[in-house]
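See the structures that follow.
Shared between the two complexes below is chain A, which pairs with chain B and chain C, respectively.
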Partner chain A sequence: MKALQRRTLLTATAVLATVGLAVTALPAQAAEVGVTASQIKLGMTLPMTGTASLGYNKIPGAAKAYFDYLNANGGINGRKITLVVKDDRYVPTEAVAKTNELILKDKVMALLAPLGTANVKAVATSVNPARRGVPVLFVNTGFSGFADTKKYPTTYTVLPSYIMEAKIMGEYIKENFAGKKIGLLYQDDDFGIDALAGFKTAGVNFAVKVPYASGSQSAASAAGWITKFKAAEADVVILFGVSSATSAMLGTAAQLGYKPQWMLGSVGGDATTIKLTGVPAGVLYNAIGFSPVPATTDMTDEYVKFFSDIYAKAVPGSAFDLNVLLGMNTAFMTAQALKAAGPNPTRKSLMAAIDSKGATFASSALVPAGYSKTSHVGLTGYWVGKYAPTGDLAPIGGTYVTYTTDSGSGPVVKSTYKRPAMPAKGLPN
Partner chain B sequence: MHKSKKQSTHLPLFILGGIVLVILSGIVDELRVYQGATIAVYVIAISSIILLTGYSGQVSLGHGALMAVGAYAAAVLRAEFNVPIILCFIAAVLAAAVGGTLLGAAAARLSGPYLAGTTLALAIGLPSLANQFPILGGEQGLAFDVGFPPLALGEDFTQYKWYFWIAALAALISMWSVRNILNSAYGRSWRAGRGNEVAAQLAGINTARSKVLAFTISAGIAGLAGALLAMTIGTVSPSAFPLALSFSLLTGAVLSGISTLGGVIIGSVVLVAIPEIADVVAHRLGSSESVTTNLPGLIVSGLLILTVLFVPNGPVEQHRARKAKHEAAHNSTKK
Partner chain C sequence: MKKVRLLSLLSVTALVTTVLVTAPTVANAAPACDGKSPIQSCVGVTSDGAPYAMQVPANFNGTVALYSHGYRYNVDIPAGIPLIGGYKITNTPEPVPGGNAAVAQYFFSQGIAIVGSGFARQGWNPDSAIKTNVELIGTFKAQFPTTTKVIAWGSSLGGVITQGLAEKYPELVSAVAPMCMADNLAPQLTMAGDFLWGVKVLFDPTIKGGNYSPGAAGVAESYGDLVKVFTVMGKLQAALATGAWPDTSSATGKALAAAGVPSRSALLLLGLMAGIPTQSAHFDSVSGPEGALKLTFPLALSPALAILENGTNAAALAVLATQDVENQVGGAFFDNTKTDYSARVDGERVIFNAALSGNTVIDALLGALSAANPGAPRAVANPAAVAKMQALHTNTGKINVPTILMVGMADPITPAGASQRVVDLYADQYAAEKAAAIKAYQTSRSYKTPTNKLLMLWNTTPSSYTKFDAAGSPITSVPAAQGTNHCNFTSAQLVLVAKSLVAASSTGKLPSGGALNTAVRKAGNLSVDKGIRAPWLKSYGDNS
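The block that comes next holds the complex of A and B.
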C-alpha cells in the first residue's frame, strides 16, 4: 500500500515539476512587442513536413530570401526583419500550439501568411489574435470568410477567394464555351461549397457535377469520375479541387485517352505540385488555368525577373514556381506595410497602413487589391491562361487578359488595372 | 484480506494535487498554462490507452478516432443546441463510449495484428466522415466555444487559464476514476484475461464481456480527452485528429510505461516538451530548416527505441522494480 501512495505522490510531484517548467520572466516592455531598435520579428506557421507540405514548404524560404535581400539593403528604417517559422504539419492543434509559441514566447509583432482554412480558423478561436491585437497578415487560403472584419478584425486576406475564381471561370465559359456541355469536379466541403456558390452567381448550368470527399482522390476514384463525365458527354471539365485530385484525374485520363477541354482551379493547378505527385507535366498541356500573379516563366516581367534572381541566389537549385512567387510577393507587401507604418511601427499603425495604403502597394499581382478602411479583401481577380507542354501556365496569345470581381453578387469585369511599376531596387519607398 | 486498505481511494491526494495546480496556474506565464492544458488532455488520452492496452491487453491504433467522436459530440451539442458545457463533456464521454462498445464488440473477436488493423482503419477513415455531413462543418470544422471564464474569477483571468482549470480538473477526476477502476474487480479481471485468457475463463471471468467493457470505458475517457482537445483549439475539424495523433498517444503510453498509470504524466510531458526542446537545440546549433522540422520526430523515435530497449515497462515501473529489489536485498541482509 505504501508503494501505491508513493506512486500517487510521484504523480503529484511530476505535475508540479511540469507546470513549473522554467518560469520565463517577461522582458522589459519595448515600444511595441516584436519591434526593437534593430529588429522587427514576424512569425509564420505552415506545413513544413507531411503530405500537405508539398510545394508549400518552399514559402518560408521564399519569404526569407526577400527579407534577407531587404535586410542587406538597410531593412525597414534600419530595422532588420526576422521571420520565425514553425511547422504545423497542417494540423489545427499544432497550428494553435505553434502560434501560441510565436505570440507568447517568441513575441512576434505580427503573424504572416498562415496556411489552411481549418488552421486559421482554429487559431482565430483559440489563440484569438484579434483580442491580443496581433495582426494576421495575408492568410494563405481562398476562403472568403476571413475577409469578415467583424469576426476577424486583425486578419487580412491576399489570395482571391474561391467564389471570385468560380465567378470568373463562369464568365470565361459564357464568353468562350457558350452552348457546350460543362462538367464540374469539386471537393465535397466548404472549398466546394464556395465554388458552387460562385458558379451559381455566374449562372453556369452544369451537365454533370461530381463531388469527391477530401482525401478520397486516387487513380481508381478518378476512373469513376471519368465514367460520369463521359456519360454526360461533357465538352469542358472543370477541376475545382486540390492538386492530388487534379493529378489523379489528369494522370488517369491520359492513360484512358479521355481528352475534354480541361479547366483547372488555381488551388489544384500548380504544375510543380502536380509534378511532385509523380504525374508528368505534359498532361497539363492545353488546359485552361487561372492565376493572380504573372507566369513564373515570364522573365520579361520586372517582378518575376527580380524575384527569381534573388531566389536563385538565396536558394540555389530550387525551382522558381508559383508558391515561391507568392511567398516573395507576400514578403514584399509586408515590407511596404511596415514601411508605411511609420518610423516606429506598432501593431496598430501596421494595420492602419494596410487599411489606408494597402490598395496602392506595389505587388507583382496583375489584379488590384481591395484593402480599405472597411475591407480586408486582398487580390480581387485572375488572368486566364493555357498550360504549355512544360506544365507552365502562360497567357493565351501572349497577353494577359484579367478579370476582377468580388465575393458577393457583383459583376465580373475585364480589368483595366495598371499595375504600379516596381519601386527602385525592389525596396519599399 | 486487506479490505480496509483497499477501500482507500487516495481522494485527499488528488484534491491536494488540484490545489497545487490551481496555485501553479497563477504563477507561470500564459504559454506554460496553455501547455499545461495540453498536457492534461494528453494525460487523459494516454491513461485511456494504458487502461485498454496495459491492463486489458487490447491494442488500439484508433484512439484518435474515438477522441474525434467525443469532440464532435460535444461541439455539435454546443453549436446547435447551446447545451451547457458540463453536459457537452458528459455527452462526449457517452458518445465515445457507445462508439467504443461497438468497436469493442468487434474487437472481442479479434486480437493481435487484426485488432490493430481494424482500429487503424478507424483512425484513418472516421475523422474524414465529417466531410459527408454538413452539420459537422466539413474540412474547416465546427467552432467549439466553452465560453469566457466566469467574471467572479477576476478580469485578469485568461482564457487559457480557464482551459487549464477545466482540463486539469477533468484530468484529476479521470485519473482518480481510472486508478480506482483498475484496482477494482474489473481491473483484476482485465489483468487476469490479459495474463491468460483460458485461465481467466476457468476462474469464472467472462473474458469477452470484460474486454468489451474495457473498450467502452477506455473510449469514454478518450472521448473526454477529444472534447478537451477541441476546447483548447476552439474548433473541431477532421484534420485535428490525424493518424499521427493516435500514434503519438501510443508513443506516449509506451514512454509512460504501458502498464503503469503513475507514469502517464511522463509520456504527456515528453509529447508536449519535445518539440520545444528540439526547437531550442536546433536554434542553438543554427541548423537548417529541414533539421529543425524533423528533429522532434527523431527525438521521439529515439526515446521510443531507448524505452523499449532499456525500460520496456516504463521508467516508473523500472524504478519501482529496482526499489523492490533493493528492499528485498536489504530485508534479507537484515535477517
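The block that comes next holds the complex of A and C.
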C-alpha cells in the first residue's frame, strides 16, 4: 500500500511538472531540522549507566572530543556541531523513548551511532526514523540486517558485520586450530544469529555452543558456561558477546583456573574495558582478538596519534581505548559527510553524500567501507591480533594483515586496501 | 520482588461507561421535552427501542453533537465474577462521553445541543446503532427545525459506529470524531481470540475461549471462562519473579516449564502474538527500581507485567464479545489454523529478547504453539458463522467529512493501530483525490488542492512513568498513565476534540498550523506528529 501511495504521488508530481502548472508559489525552502546558521545538532542514545555501559559509555565523550576540536577549527562551513546524548541503559524500550525525545523535543538533524542491535531495531520499528526521513548514521552494531537499504533506508552501518567477523574468525580457526575442539559463547538474539550464520558459512564445527540471554550475564552464569565448556573439553573458546559477558567469563575463569585458548569478538574485546572490571591483564595474554582499526597503543599510526592527542586534551586521565578510537573515528566520518552534504546540509543531502562519497572518506580503519548508492555497508573486515602481557591487542608478528569479506557467501581474502592519508589537521576537506 | 497486587487494582470502568440521563422505555413518535431553560431536556425512544436523550441550550445555534457510547456487555454479570461482577445490562442514553460535565458545558456555552442514545441492543451493535443514529438525527431535526449541522463523535465501539455513520450517510454529518476507535469486528476479535487461545493451550486447557454453546448455556460457559482466565492471570502474577507455571497448565505448558521456560516469557509472547501493547497503566517497560533490579526490571520483568495488566484488562471484553458475536452469527468464528505466530513476532523478538529469555526459549515457545504440535490444538471456525460475521457492518476507512481521530498509544483494547490504518488509507485516498484534481485541471485549467479531511491526535505515553516504593516494588495504586488504558482521555483532551469538531463543521476545514499546535499543547499529552506510527492489528500482517 505504501508503494502504491508513493507511485501515486510520483505520478501526480510528474503530471504537475509536465503541464508546467504553477499552482501556488512555492514557499522558500525551510531550514532543515537541527540545522541553523551557526549549529548542526546531532543526537545519540547508548548505555551511559548500568551493567552494559562499561566501555561503551566512553563513546560520546570521544565523539564530543573530536567535534570540539572541529568546532574550534571552524566547524562545518561555520556551523558548530552539537551532540545531544541520552542514556538508554541498553534497554530497547528506553532507546525508543529517548530517541523520540531526540527527534521531537531536541529536534536533531540526525541520529548518530546508537548502540545495540535490539535497541536500533526497536527504534527502527517504533520510532521509524526512515519514515520521518531521519538519518541514522554509523550504528554501533554489527548486525548485518541493518545494511538492508529497503528495510532501513536511512540507516548506515559502520562496524563490520558480525557475519564478516565470524567468517574471518572461522578462517583463522581453520588455519591455526584444525582438529581442536571449539566452543562458542554467544548472545541468544540477532547478534548471535549473525555470528552463527558467519561460522556456518566458514564451515566451523563446534564441540559446544552456549547461548546466553541478553541481560543474564553475570559471574554466576559464567560459572555455568564454564561447566559446559569443560564438559565438552573445548580447546578454544570464542567469546562472541558484549563486554559484560566477556568480562564475567574471563573473571570467573581466572578464579576457577580455567585456561582454554581464548578468542574474543571485537564487541566485547576491548582490553581497557575488560581490565576495568577487575580481570587481570594476564588472563588476556595470548588471547586472539580482532579489530577493524589499528591497535590503540600504536602511536606510529597517524590516525591513532592524532585522535589520542585530541582525546588526552579533552578528557585528561581517561584511557585511550578501542571504544574511544571508534567513537572519534565515527565523529570524523560524520564531519566529512556533513561537509560533503553541501553549504546548507539537509537530511537528504547528508545521506546522498555518504552514498556517493562515503567509501572514500578518510578513516582510521584498515579495511575498506562499502558505501554506495545501493549499499549502506560500512567497514568490511578485520586484522587479527593477540593480546600482549599488558592486555593490549597487537597484530600478530607486528604487522597488520587485514582480511575482508562480505555478509554473504563471499570468500575471506587478504585485503589490499590502501587507507587514505589523513587530511590536513584532521579536518574534512 | 514483592508480590504485585495487580488484579484488584485494574480498572474496567472504561469498558462500561458511565451514564448521564435516564429515559423512558416506550417508543414515542416525538421526544418528551421539559421546556426548561437555560437547558431543555428531552427524552424518547426510537422505533427500534433505543432510549435517547437530548439537551438543548436556550441559545441553540443550530448545531447538535451526537455521541455514540462504547461497548457495553450484553449480559448481566454475576456478582461473584472478579472485576466486573454485578454489571447489569443498560441502555441508558449517553449524550457526552461518560457524562463529562466539562464537555457538556463547552457545547452549551457555544449554543450547541447534545444528543445520544443508549442503543437498542448492547454488545457488538454497529448495524443497529447506525440505523438508530440516523433516526435520532431525523427526530432531533423534526423537534428542532432550526438545526443546520450535526457533528458526530463516539468512543471505542462508538467510534466504529461514528465512522460507519460518516461512511454511509455523509450528507447527515458535517464533521466526525471516532475516538479510541475499535477496528472492524474480524481483526478486533482475532486479537482477542489469539490471546485467549494462547492462555488456554498453555495455562489452562479447560478454558473454552470460544465456540460457546448457544443461548444461556454459552453465557454460563463464558462466565466460567472469565473466572478461569482471571485465576490464571492471578497465578501468573504471583509467579512473575520465579517464572513458575500455573498448576492448571496444559501438558504443553508443563513441558515448557520443565525445560526451564519462565511463565512470564510465555505470557509476554502471547501478548506480542496478539498485539497487546507492552506498556500498560502502570508499567512502562522502561523504568526500574534503584538497586539490583534497576536494569533487570525493565529488561526482563516490566514487559510481561504490562501484558499481564493489559491482558487482564482486555480479557473480560475478549470473552464476552466473543460469546456475544458467536451468539449473533450462530457459531465459532475464530480460526487460527493457518496463523503463523512466528511471523507475528518476527519484528519484536529481538526487541524483547531479554524478557522472552532469548532465542532458544522463543523458539521453544513458538514450536509449542505451532500448528504441528497436537498438544496445542488450533481453533477451527464454523464456515456458516464466518459468512454471517462477514455480513455484519464493516467500515471501509473512507473519509467523507472532516474527521478527527484520537487514541492512546498503548490502548490495550482498541489498539492505536486501528486508527493508524485509517490514517494510512486516507493517505492513499488523498493522493488519489490530488491526482484526480490534477487530471481535472488538464481540461478545466482550474486547479484546486483537495482539502485535508483528517486530523490524527495521538495520546502519547510519558517517557517513563512506573513508580516504585521504598522497597523497590512497583506502585499500582496511582492513576493510569496518559496514553494507556482504554479511552483514557482527560476532559481537556475531549474538549479539544469537541472544539475541533465545532470549528470543522463551521468552516469545513480542520484546525491546522500554529493554532492547532497551541491547542494540542494546552490539552496535554497529545501529539500531531506525522512521524508517529502505530502497528496495525496483527491479523493484517506487517504494515509497519
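The rule is simple: the second predicted complex is superposed on the first by the 371 of 429 C-alpha atoms of A that agree within 3 Å, B and C clash if a C-alpha of one lies under 4 Å from a C-alpha of the other, contacts with A are read in each partner's own complex, and residues count from 1 in each chain.
The criterion applied here is as follows: a residue touches a chain if its C-beta (ideal position, glycine included) is under 8 Å from a C-beta of that chain, and two chains touch if they have at least 3 such contacts.
All of these numbers come straight from a predicted model, not from anything done at the bench.
When the shared chain is aligned, chain B and chain C each come close enough to touch A:189.
In the superposition on chain A, A:104 makes contact with both chain B and chain C. Touch criterion met: A:117 reaches chain B and chain C at once.
Shared-chain residue A:197: touches no atom of chain B or chain C. Once the two complexes are laid over each other on the shared chain, residue contacts for A:254 go to neither chain B nor chain C. Look at A:90: by the touch rule set out above, it reaches both chain B and chain C. In the superposition on chain A, A:213 makes contact with both chain B and chain C.
Legend: residue contacts after superposition of the two complexes on their common chain; A:315 is shown touching neither chain B nor chain C.
Shared interface residues of chain A, touching chain B in one complex and chain C in the other, are 1, 4-5, 8-9, 11-12, 15-16, 19, 21, 23-24, 50, 89-93, 97, 100-101, 104, 117-118, 121-122, 125-126, 128, 188-190, 193, 213-216.
The residues of chain A lying in touch with chain C in their complex are 1-2, 4-5, 8-9, 11-12, 15-16, 19, 21, 23-24, 50-52, 89-94, 97-98, 100-101, 103-104, 117-118, 121-122, 125-128, 131-132, 188-190, 192-193, 211-216. Contact residues of chain C toward chain A in the complex are 278-279, 284-286, 294-296, 298-300, 303, 347-354, 357-361, 424, 427-428, 431-432, 434-435, 438-439, 441-442, 447, 449, 463-464, 527, 529, 531, 533, 535, 543-544.
On chain A, the positions that touch chain B within their shared complex are 1, 3-5, 7-12, 14-16, 18-21, 23-24, 26, 48-50, 60-61, 85-87, 89-93, 96-97, 100-101, 104-105, 116-119, 121-122, 124-126, 128, 143, 187-191, 193, 213-216. Here chain B touches chain A in the complex through residues 2, 5, 8, 10, 13-14, 16-17, 20-21, 24-25, 27-32, 34-36, 38-39, 128, 131-132, 138-141, 143-145, 159, 175, 179, 229, 232-235, 237-240, 242, 244-245, 260-262, 264-266, 269, 273, 275-276, 279, 289, 292-294, 297, 316, 320, 324, going by the rule given at the top.
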